[in-house]
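In structure tokens below, several structures.
Common to both upcoming complexes is chain A, partnered first by chain B, then by chain C.
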Partner chain A sequence: MAVPSHMEFFIDQNRCIGCQSCAQACGECDTHKGHPMIHLEYVDRAHSTQTTPVVCMHCDQPTCAEVCPADAIKRTGDGVVQTARKPRCIACNNCVLACPFGVPKMKTEFRLMMKCDMCYDRTSAGKKPMCATVCPSGALFFGTREQVEQLRPRSTPVNQFRFGNQVITTKVKMMAPKVARAEYVDVTAAMEEQDIGKSIFLNILSVVEEE
Partner chain B sequence: MSPDREQITIPPDGRPPAEQPKWRQDFPIDWPQDHYVARRDFTKFLVLTSFAFVVGQFWIVAQNFIRRRRRRPPIKQIAKLNELQIGQSLVFAYPEERNKCLLVRTGENKFVAFGQECTHLACAVVPEPEKKRFLCPCHNGSFDLETGKPLAGPPRRPLPRILLEIRDGSLYATGVEARVV
Partner chain C sequence: MAKIPDQVNNITERFGPHPAYGAGMRLATNFEPDKIVKTHCCFCGQQCGIQLKVKDNVVIGFEPWEDFPFNQGMLCPKGVKRYLQSAHPDRLLTALERDESAEGGFRPIPYDQAINRVASEIRRIQSAYGADAFAVLSGASLTIEKAYLMGKFARVALKTPYIDYNGRLCMVSAAAGNKKAFGIDRAANPWSDILKAEVVWISGANVAECAPITTNYVWQARENGAKIIVVDPRITPVARTCDLFLPIKPGRDVALFNGVLHLMIENDWLDHDFIDNHTVGFDAVAEHVREWTPRRTAEVTGITERAIRQAAEMWGEAKSSFLLHARGIEHHSHGVQNVLGAINIVLASGRIGREGCGYATITGQGNGQGGREHGQKCDQLPGARDISNPEHRAYIAKVWGIDEKEMPGPGVDAYEIFRKIDRGEIKGLLSICFNPKVSLPDNNFVARTLDKLEFYVAIDFFLNESAHHADIVLPGSLHEEDEGIVTQIEGRVIKINKAIDPPGDAKQDWRIIQDIARVMGRERGFTFNEPREILDELRVASKGYIADYSGVTYEKIERQGGVFWPCPSENQRQEHMGVPRLFEKGSWNPIAKGAGPFYFPDGKARFNVAPYTPPAEDVDEEYPIILTTGRVVSQFLSGAQTRRIGPLVDQYPEPRIEMHPRLAEKLGIEDGDWTTVESRRGQITLRAQVVTTIRPDTIFIPYHWAGAKSANQLTIAAQDPISKIPEYKVCAVRVKKAEAAPDLAGGGRRA
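== the complex of A and B ==
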């Protein structure tokens, strides 16, 4: 059984309300009870409560699998990158450090890397992933492309991300505004962006010197 | 189904699979290729496994040969006849100092002796003549007092019997009878 190709995962980051429902629902799953594989990331904790859900993006060239020295991370034919194979994983943390999205989680108590596998037990049986079934705001959506186009007429799915010189194409898609016409999301450039309106200049010291 | 057909992962440099280094074929990221067993690998597995079985047979033959060559254990005096009351027992070492055995007087002229190591996990068994059994306290295994055969619990094989002989009012151990059933 495999995840049907017409069913796709769409993340609409700006619809996330930070309710942690997805993390709770993920942690309920019997295959990894108590250990949610999804997490919410704060965009700019100092100035905003905006959060974004982080699930595995299921890259076409999985960096986690590329760096795995134990040959433990595998990708099934439907393009889902699976949790590390337990007999092979040596808990070396390479994948945790290498993943550009910060998805793999090292479970030291099991000596195993565990990651979001798009609820493979559910999606391969024709169901939605746990997080997408519970998300109240539609930030996580699992369905066909026609459905998402109808739901989000002003957004378009993007599945290319740029990290410096590395361009990553993913199976999971992210909703971006249609007006921006982005070919890819330039993640590292956004990190270096100067937020002019928020910068504070501490010139108290110079004032003291003048006196 | 050809193994290449399900290859969907593109290497980071984007070149075709033929131009990739050999280790990429050996350690594929795609699940179907990783599970693919070539006919040559399967044959190799069969040949090596059957070779291991052949070596095992020779090993058993060699072990048998060595066991035949072993000398019979010495005859050793273990107790005087009047030393034990009926129902009493005695621990002695036979044939080596490390092989502890149990001697039990079960009747006027009846003595039995068995190795003390439980055949399950080698705990020392305790004689319980009133219940007509040896009890292994580790896992509640028990053996028959007369024959040494397992009665209950995890052990499956009987205790090794020590052959006894009575000469001039003394008990002598003359050999060990290791049994499987």
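== the complex of A and C ==
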């Protein structure tokens, strides 16, 4: 049993409404029941309601596995990076510190690193991950490339991320707007005539426009 | 008699709210559930399909129901964690009687003894003061079968005109506006029409937090090319990425709609053919909005002229559109006028009754739609009939097997019931599915009136804060312990399926009502053996009028994934499938009888002149800041259920006061500071949350909490003259940094 290769996971931060449904449902998944593995945070609540759900990106060359001194973190043939193996994990926290996306969680009560495994019990049995099933805004989406191209014509899936000198390629895709404008959001922008160049089209997207 | 029998702390120590978390069977993964039941969420009006996992008569978890068409497996956090209300430590397993010597002020008593006491107290009060001295408060989270039975119980068994329901705080402005304009009160379109609209206009609806699954429809529309316009005093999550945001000053919505219509007329963005052939009253409205120039609209609404013009242009030039609104424009002393203003710009555009052309209020409660159709409203009889209409009375009297003269006339709205209690006109009260001490405005007044009752019986599954004042509490049923139908946000009738039996002495609510009727010696008409039998009677009672359910059956709902009413009786040749989209050209209805698509004798929709009046309590020097209230995604209404579900409590543990940094700076308040808000009715001290996502002249507090944390201590009981909805969305307050942390703070520990 493996996750079928034509089924892909897409994150669309632009759609996230911060409702926490993903995190609440994550703890209902049988592989880690009671322990949600998703992080969902406000980027800057003082200025925006933008939130970002973070699931494991399932890197092609997982940093967490590379830094593990006990070789406890395995990536299955279908590209899913699994929770640390219990007999091997020494709870050293290297993976937690090293992951550029901040995904692994150290569960001190089990002396074990646990992480999002794309709901392996569900996805390897033909179901969707719990979070991407319940997400009410479509910010987390699990389906085929054809589906996402048809449903999201305004965005392009990207799976390369640069962190300093490190370029990471991931199994999970991030939807990036095809046309993006980054603007400062303030409710007063449409209340007062201000000569500060603020557009009242508050079309705030998550990436900076390239010249 | 109905004073709280013990310290509130002692009552809550015994009866909660205590937050429940997954434990035991709910965390185990080494067994299969006994069964998985397809049903719906117990909370909001969207009524998302969900599958409940059951083991040993306990709901132990859920599985998404991806085949249900509305939500396709999607759920908000409330739906995800709703299963934790089953087998809850606070669950009432017996009847309770107030007893000041008992732990927590109540002692358990046998169910039959409690019913006897209720029946004898009702008899005593009614024989001493008259039938009108006893009132019933009901709710729109009940199934249609129960809601129907409550209306019948009040009129037939208690013979009192005084029944009303908590939809009075929710849907009535939209209902009244829709009836005036369209002759019918139902969402005009299925949500699938949102996906095909060029413009989606959202006024006063925090879609992402209050109807989360609707977000996906809105944003899929945008992916399909739609422009999204959001009108709200706050940048809510759905406003964050909209195309045009109009940060309206609370209480000024109709001014904006009038201003938009003014520009539509000026630029001839009108559907003349539709206006001429399918509406009446346009000229008077056109005359009225002549004075709503962009400048005046801007002055009143607090939105720039430029933004108003952009909104009018986007709306005016669209070929298809969907206008959505919710409590944000409805919770006002002129809520009906706000709704009529919205409908006027829809009618002027001619964009209704076609694919991709729609209009709807986003109904709030689980059965917000169905609960307002079948007679638990003070002026209404089943099928959306009118209790003052002689023909309607005669028809329902016949269905109920009573003399029409025995049927009481119209009663009064829910808040007026409390004023009658205060004046001593009403001495006894039965409440079900309603927590007025938290949910009504100026709720310190509500608490005082509860103290004046000679007898108060509450039916609930948890001891809600209003029930603290009760003489008898009867243990009712949770959503998953009964079956029945509800009508969701789109007008789709769906079926709630029973997953487990009520535990202990708890009973299905309709059985409790029938038990009271039986012991009172008024058994006739209250001998149903199952909800299906109640539905069968309702199908007859609703037949032939606007909200016609005569063709709705459990089987048809199952077969079709829901049935959109109206659904008249099945005829011999062809089964009626229901009507997903109202007002299509050539459609038939029992009022117009083929004259046109709208529910008036001439088949035409009505424009209504919608004048602007300021809020009942505008700001002044003494109270210079606007307070508006609303919801957060992890809590629901008065919180009687969601404040008992641990993971939802943790998500947003305490109410906070949202304010703009510009206001905060003026007041010397920093993010996280204890802050006191005072109105003419009460005061509250909570932590401030300083954010640029709200107008600087307005603060926001969510209302789900009780006691010292209850925002409704501040709100005003001003009501719309037509709908009687209270003005939750605007009152005047003053704000200052608190002198000290409040008692509730637990030693100042940060919430």
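As a working rule, the second predicted complex is superposed on the first by the 179 of 211 C-alpha atoms of A that agree within 3 Å, B and C clash if a C-alpha of one lies under 4 Å from a C-alpha of the other, contacts with A are read in each partner's own complex, and residues count from 1 in each chain.
As a working rule, contacts are C-beta pairs under 8 Å (C-beta built on N, C-alpha and C of every residue); 3 or more make two chains touch, one makes a residue touch a chain.
These numbers were taken from a predicted model, which means no experiment stands behind them.
J.: Considering only the touch criterion stated at the top, classify A:137 as touching first (chain B), second (chain C), both, or neither.
T.: second
J.: Check whether A:67 is in contact with chain B, with chain C, with both or with neither, and answer first, second, both or neither.
T.: In the superposition, A:67 contacts neither chain B nor chain C.
J.: Contacts for A:48 in the overlay, against chain B (first) and chain C (second): which applies, first, second, both or neither?
T.: Only chain C; A:48 stays clear of chain B.
J.: Does chain B (first) or chain C (second) touch A:15, or do both, or does neither?
T.: second
J.: Which chain makes contact with more of the residues of chain A, chain B or else chain C?
T.: So, of the two partners, C touches more residues of chain A.
J.: One more residue to check, A:79. First (chain B), second (chain C), both or neither?
T.: first
J.: Using the superposition on chain A described above, determine whether A:154 touches chain B (first), chain C (second), both, or neither.
T.: Second partner only, chain C.
J.: So which bits of chain A does chain B touch that chain C touches too?
T.: In chain A, nothing is touched by chain B and also by chain C.
J.: Could you pull out which chain B residues touch chain A in their complex?
T.: 6, 8-12, 27, 29-32, 34
J.: Note which residues of chain C are touching chain A in the complex, please.
T.: Touching chain A from chain C are residues 22, 27-29, 61-62, 64, 66, 71, 73-77, 79-81, 208-209, 212-213, 215-216, 219-220, 222-223, 234-247, 302-304, 306-307, 310, 633-634, 647-648, 651, 660-662, 671, 689-696.
J.: Under the definition above, what is the set of chain A residues touching chain B in their complex?
T.: Per the touch definition, chain A meets chain B at residues 60-62, 65-66, 71, 73-77, 79, 82, 166.
J.: For a test of understanding, state which residues of chain A touch chain C in their complex under the given definition.
T.: Residue list for chain A touching chain C: 14-21, 23-25, 27-28, 30, 33-34, 45-51, 128, 130, 133-138, 151-154, 185-188, 190-193, 200-205.
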